[in-house]
């Protein structure tokens, strides 16, 4: 199978010297549901944002749909981004506009700058957005302002927004970290089933290992910016989990 | 892979009737055209002579040319006047703060001895506030004569008018429980104020005072323009005698005064922000 | 922190407070000497003023009201025109002046410096300068008000823009939105309440400022007030002050109403 996304030697060093990603390799195939786990500050979020270049990686190669994406700018960058939907921990909805408008924002990458700036969304896009909202069970809410919705509902709008991009890959950055267990379950259910039905690959950062094991077709463990595990949920043993979360760096031992 | 996903914990609404599109926010639909209409109407009513505006810009360019370089020769005089403005601002603000501090306790609805007293003070304050400082200055000039005293009085009055309101607001935000707890210990009124109320409102009070001083300094620099002493007089004098280069120097001094106070005040505000986090 | 450190920190803080009070007291004394101010002068002044206000100034001469209506309306027209032009210009400038939306840091510094000039040079000075070029009248008044509106609103708008939720911006950017799309779809919706609120506040400020602008030649009711006082027509002047008072209070009431509705 041809890979959808290929990452080689990806590194990110922040201006303050923090090494967030360290020579990371990664491959994602179409339709996979890959979950990234790791402690806070391991670089999960940096990884996702490096893939759609919301953060500029320091080094490495990224191939998305067979095309090199490092260094591209402007129009090409936006074209690349529209094929990658993103879902955020804080939902990041534009709170003062309607739910429908928020979903339509997913179409901005397809529109001319002027039309997009004026918010002139086409009839077809609007219909598609309404369908999308029906799929996530928010049909009744489409004209409500985004901040009138509960957290779980807002995240479903976030999913609909990502889907309206008609993406090949969805990057989900801790989509359930701010939600209660019941809403978390709902969100993961929607994310998983819709990705599966549409054949969209998903790269999802998660905190909760049990949920990761439940949904993932593949799990990647990251520790201090390096990949330390890459395998099926069955291969993720308790020892492995301990390693990912409590791994003691040899360097630290030496200097201590 | 585990295939037994639990059903979502809510029922999916599958009604096919589209919810009603809410009416657009009335404020934008009515408000925006209304403001536009008001704008056009106002512009029409003002009946500007547009050729005069065009000529004015040519003249303005001439004046600006004569202004450079600024004339520093009167610096001693101008600096003395600037200091006078600064002193007027300090005295006026401090007096205003003192008055407002005492009256705000009577004006705050949770501390006032009687609601009627609070109402009287609040109304008086809003009266003081609504009349612009310069108008006060004019009134005081007529009654006590030219000089810096009318300036001080004008600033005192308008500073008090504003500070009474905002001080009282801060006092009214005090948690009722805190007051109750202190009263329950049998503390005297003065003890409650010193130990319970002042520590709570201190930061807000100081922030308001700083803000007010910022505004008052700006006011005091211009009061001279109507005859209340200070640097404003130097400016009007220079402009009236067509000494544009001298006027630019005075303008620069005023700008530096006002700007440095804004700068210091901003720094102070930042410090407060950091502390409150 | 241990107990000793805490105690010394506390002592430091107390010393700072005492220092501050001493400096403040010194400033007040210095100012009193410089302005030849004293408590007896203050009480004499207050007494004089009260006598003047209650015997010469009041009651207002209502017969002069018809003559005041036109200048009063001019004051309002000038404030509206200045608010609209000021908020449009400042709205555009603020996007250049805010750290979150500015296309370039140098542009940001430049716009901030230029607008701080408008803001920190008191409006009367602008009026005096403009009178020299454009002559007396409402043209100068309107232009002065526009200048201070731009100065004040650019700073306030930029502060609003700097406090917006960048997550919403990030989301639209991640969906492939360009600069203008991000501005219109993610930034402006968050910006609108602040924009309207500050513009209304600016309108209030303009109404107040137009009085003093009028006194130095900018037309409107301030001009009438000034000439009444010069001619010792105090009861006509008090009518003008009463009218200013009414206008200010009515405007404040209306803007408060609108503000409540947008939040």
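A, B and C label the chains in the order they appear, each numbered from 1.
The criterion applied here is as follows: a contact is a pair of C-beta atoms (placed from the backbone, for glycine too) under 8 Å apart; a residue touches a chain by one contact, two chains touch by 3 or more.
Note that the structure is a prediction, hence the values are computed from the model and not measured.
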TODO: Please name the chain that ends up farthest from subunit B once chain centres are defined by their CA atoms averaged.
DONE: A
Task: Two chains sharing the most C-beta contacts - done: B-C
Open item on the list: Based only on mean CA positions, could you tell me how far subunit B sits from subunit C in angstrom?
Closed with: 7
Task: Rounded Å distance, subunit A centre to subunit B centre (Cα mean) - done: 47
- [ ] Enumerate the contact residues on subunit C facing subunit B in the complex.
- [x] 24, 27-28, 30-32, 34-37, 41-42, 44-46, 48-49, 51-53, 56-57, 73-74, 76-78, 80-81, 84, 116-117, 120-125, 128-130, 132-135, 138-139, 142, 208-209, 211-212, 215-216, 222, 225-226, 229, 234, 237, 241, 244-245, 248-249, 252, 258, 261-262
- [ ] Name, in rising order, each residue of subunit A that touches subunit C in their complex.
- [x] 52, 54, 78-82, 84-86, 88, 90-97, 101, 105-111, 113-114, 116-119, 158, 161-162, 165, 171
Task: Residue numbers on subunit C that touch subunit A, as the complex places them - done: 165, 167-168, 170-178, 180-181, 183-186, 189-190, 192-193
Task: subunit A to subunit B touching residues, read off their complex - done: 130, 134, 137, 139-143, 182, 185-186, 189-190, 192-193, 213-217, 232-233
Open item on the list: Taking the touch rule as given, give the residues of subunit B at its contact with subunit C in the complex, in rising order.
Closed with: 27, 31, 35-36, 38-39, 41-43, 45-46, 48-49, 52-53, 56-57, 59-60, 63, 83-84, 86-88, 90-91, 94-95, 126-127, 130-132, 134-135, 138-140, 142-144, 147-150, 152-153, 218-219, 221-222, 225-226, 229, 232, 235-236, 239, 244, 247, 251, 254-255, 258-259, 262
